[in-house]
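Take a look at the structures listed below.
After this come two complexes, each holding subunit A, first together with subunit B and then together with subunit C.
Take a look at the complex of A and B:
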């Protein structure tokens, strides 16, 4: 049974994810070439290699650390989308839940002066409430979670801007919230010595290992527990799970609440690391939640797969920022990573194509064998 | 020279990934004959018709019309060749009139204005010629299923189709309507139309068809003249072995009342009236009570009300002495096993493995879940393997097969095994043999009787007359949401049962609103 390797779902998913990546990079390369052929080779290499292109060892480590610091929140958003997706819900509201997490975490950290773990819990609670609203609307009023999610994304954005514009939280001289290091050092996530590994990059915090552990936990919940069995059954077939006596309405609400908590903790992971401050004048929903969707699909809808896909997406985004600006306009980095992320959504498509191709090949072989015997 | 065959499908082979749906199948339809296509579910009848209709392209083989090879790439080609089909599920616009439905897509217009008079004349002429009486101005949603089917037939005739395909046309009809349809088919054939009649009902084929072609597991078994064979021989050709057509059983020994339903009323989801009106009935242990009726007379809603999938408007349900009127689905399922009507919608989580589906009603029991909430994989596998073995559920990879990849018959066997094995006092079996082949039906019936003999109460909801008469100990006929009669299967005839089912006869008083 040699041929069965390609029929294994895990192998198929991995292969189609790789195909997506290659296709995305190829299209990115073509765009770069059209804009400016002379630098396209170097530019695409920069995108792929990201921190490896840095000049010295410590600089490389530091850049690597930055990528990891931003991978953790992205992974949490991806887990949020992935978890809900397994239950048949498309949590496009992850972006809004992310905002809610940022709002709650920064409010608790700067205004209340709470320690980091309280801030994390507050973020989780805020995201859960937001998710539960979508869940409630879906379960009892049959409002599509995509619609309510998108609307809540905007509502939460301006709500967050409003809350964080409070003079106790906002820096008086800029639109940003006060830097955490000076406002409340207790509110910052501990580095647990990880900073030392990355050339004293203090943005590499406990968030990085924690996100990976949460990914493994989510995988275990979905695959190994009664709770996951019930949620996935609800996702695959709501009617059948009702027939089997599961409370599908409750499951929808619980799922979106959990998804909300995951995305919100992701925001807390970023803003409590001090890497970034919230801009209270921003008028667009942060891309992190949406990138989480791409990471989910690129990761083959598996919580474990999203660990790697999140890192990849974050890495090319950071790599894109390093492109030679004298040859390309500043928007190029966003454009290229957007193209690659866009193509990442095609994992399922490639998987279907691959399955059809395998089946056809097998048939041909079977026919040949038959013909040979006859 | 005039070719003897209206349509020929020669050596058709159609493959799908993993299976050969049609393996070198040849069907030759003579002009003016009724040719039956007989086969179990999954035998490849639908695939073959889809090839004829241009929905699929065959890998091998050719199609000839009047002796000339033709290419059918899509349904439009089929239509141009004069091939028409009455689908199992009618393709009619519910809020249009009969006439509007008939001309849909082939409207004659003058300066962009519909010319209905011409069409009306043609439709009336056709309906008189073939004895297809139907009011051209009646709205589809107001007329009976039999009338709707006539509309479908008129649609084909209006388009001057010469080759008419009937896909399981009797499944939704009353015995009287079936008799009428048979007459219509004979009229059509007499007027020179060629008819392909897809069915797995042997008695109908014996009555109406001239020749019959049999398919089994995608293979062409043969074509015979109907007058040269009997039902037993046909069923052997279809199944490949001898099949017991009549169910053997001892007289029932009813015991205590297990299920007691008083004045149950359930709302309808499609219209404002109640779908189930004031229904009262009892089921005792050791008996099989069957609710007979034509599809859509409130049986589904009755089942939803009983199983808890829909709330009652009013009424009371007592199961084993316990009032379960307001109980959750799960607490009802402790005493009630339920083989649902729609195995894909309710019965299975198709994307789950077979073993996960086997524990769908039991996954939360300590037997399968640890105290910490983890699933016990080994126990689940063992349990599933035992059921698979006992109920002969066949699948590609055993317990880990995705149920979506299994045949309908085996999916049904899995549900039946799951529901019979778990503890229960009442078995609610809703069309348990739907879509199953003759061999599998026999097994299901034997299981139902075994249940009864083991002292369980069995409530069977069925649309199949033969099943109703053969299996049950007591028949309750449901018509427009009411129980209109109670019959003894040993005393009644299909004809009498049909009159009740069609609402022409009733033995119980019209339900008062008490």
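Take a look at the complex of A and C:
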């Protein structure tokens, strides 16, 4: 019975992810120890436990809320990458679609003064357009979606900076956009009473449950609907799916447009919560989209798995900010996440090794049984 | 005007070096999306050496040792791609992305720790090389050149020669086009792909140090290399994986980058009122448009991105 448990793909995926996490944390611990051996144990514990290390109950809840508020956008980016990957498309453009979402949401919220749901829809539309461009180029012009995604990431970054630098949107005294609470309170995501659960943390909004619901929806679309089956078939074998009468070109465009909408809504979830303002002078593509790639692979390429992996990655990132800054740099968390995603590349190898062990064990047992009979 | 030409040449040599690196890797069959990360690590190696060498070091020694450090760090870092993509058949896009994330984080952590070890109050991620920088600069008339530009031109010639005129280069390209066929005539595909990846590490690392020496005398490692690795990928594609065309593409893209830095100095351009972001966007827009029109019969190596499996035919 025990063997059959380890043979299950889901169990193998979980084990592989755990191996990646443990190895990543180990690398982080070793580096912390090299920098300063005296505090490394405490530092790695802080990174892992994050908000649990806060002193009082309300402080814990508040920090927990902050982590959740940032997990929602990360989860959306991960879902974007995950959804496209299931269809055989590597959506590295999630980062750019995220920028487009921030651009559209903040433009609608601050410049137009629209309510939050209009801002969300605008973000989704902007991301979908950007994704569809990649999809069109892939389907009709044979341009690899990774390359077009990378180009669009940078084009959108500069475009977003330009749009949001508009004096109606940008704070005159800083490079950031105007704080939403004063510019347009209607544009802020409603908390639906969730703030009260987290020691009045205003940043815990409807975005958190929405992101989880969307994750479950994406899982249902992929696994339980004909549409999802068609998409996965397209990803598995483009020629075969065309032969079976599926419109593979349309499927590619629709997939990337949906992926784009997901990542863009993620950005709206962050910027419409008021947690953060967009810096119009940033010169590098925000890391959220790339962290989404990390969460996707750590989550075993499953929409449900990404819920947990997104939370984990966000939690160690926040935990990194809590360590003793006079001893260690906070970027140690980014380093750990990067090591984890690097190791995710070896998942296929881990699984091969696991299956090898199982096969060997079974062979031994079969031999033993044979010997017993003889 | 002088400034524009100067910046164009600096940026073009960076882009050309890194794109040539990508070109070697892709011709061997491995997509190297981690060029951005390799540049960061190469820059880190070079900057550390400059920081550690005593102030009175001979200029020639300084240039050579710094270049070697950048190349060495780049090669070492590219091993991460080699091990994962060649030995373990990992997804090359995923590994490249991880390498980019890792490089910036690792460089920031390392430099902060390095600074803190020297002075506990300094936990910044900035390395300075103000006096050391002078060793690299050559002034001819009003122009300020950099020894690495000469090196870049030499390396361009060598790259072209290696790829098209040597047995090694032709074999390398065979591994990116049809590894099974290459294997069947006795070429060691794994070794060729390793060579491609390590060469891209060397050139990418060198590109990194040239970039951070351009116009500034300290570098904040938190910011990475601001997308130059990705721009170099665009240069490589625009140059259709051919060294000579890559050189021209690098000049064009370098020119746009330079324009975005200095366009305010030209009354004619400043009057147009085009914000610098437009110039920054241009290289990416151009490559995207070109890609849309040329990818139907793409010159990309046919087998790039596909892990080599002896059993496949």
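Just so we're on the same page, the second predicted complex is superposed on the first by the 349 of 374 C-alpha atoms of A that agree within 3 Å, B and C clash if a C-alpha of one lies under 4 Å from a C-alpha of the other, contacts with A are read in each partner's own complex, and residues count from 1 in each chain.
As a convention for this text, a contact is a pair of C-beta atoms (placed from the backbone, for glycine too) under 8 Å apart; a residue touches a chain by one contact, two chains touch by 3 or more.
Because the structure is a prediction, the values reported are computed rather than measured.
Trainee: If you stack the two complexes on chain A, which partner ends up touching A:230: first (subunit B), second (subunit C), both, or neither?
Mentor: The answer is first: A:230 touches subunit B but not subunit C.
Trainee: Have a look at where A:29 lands relative to subunit B and subunit C in the superposition and call it first, second, both or neither.
Mentor: neither
Trainee: Just to be sure I read the superposition right, which of the two partners does A:308 touch: subunit B = first, subunit C = second, or both, or neither?
Mentor: So A:308 meets neither subunit B nor subunit C here.
Trainee: Looking at the overlay, does A:334 come into contact with subunit B only (first), subunit C only (second), both, or neither?
Mentor: Second partner only.
Trainee: Which partner chains sit in contact with A:275 here, subunit B, subunit C, both or neither? Use first/second/both/neither.
Mentor: neither
Trainee: After superposing on the shared chain, does subunit C or subunit B touch more subunit A residues?
Mentor: If we count touched residues of subunit A for both partners, the winner is C.
Trainee: Using the superposition described at the top, list the residues of subunit A that contact subunit B and also contact subunit C.
Mentor: No residue sits in both footprints.
Trainee: Would you pull the subunit C residues touching subunit A in the complex into a rising list?
Mentor: Subunit C residues touching subunit A: 33, 80, 84, 88-91, 93-95, 97-102, 104-106, 108-109, 112-113, 116, 120, 123, 125, 222-224, 226-227, 230-231, 233-234, 237, 275, 277-278, 280-281, 284-285, 287-288, 291-293, 295-296, 298.
Trainee: In the complex formed with subunit C, which residues of subunit A make contact?
Mentor: Residues in contact with subunit C: 31, 35, 90, 92, 137, 141-144, 146-148, 150-155, 158-159, 161-162, 283-285, 287, 290, 293-294, 297, 325-326, 328-329, 331-332, 334-335, 337-339, 341-342, 344-346, 348-349.
Trainee: Which of the residues in subunit A come into contact with subunit B in the complex?
Mentor: 224-227, 229-230, 232-233, 236-237, 239-246, 355-356, 359-360, 362-363
Trainee: Quick check: in the complex, which residue numbers of subunit B touch subunit A?
Mentor: 15, 17-18, 307, 309, 328-330, 333, 338, 340, 345-352, 356, 360-361, 363-364, 369, 373-375
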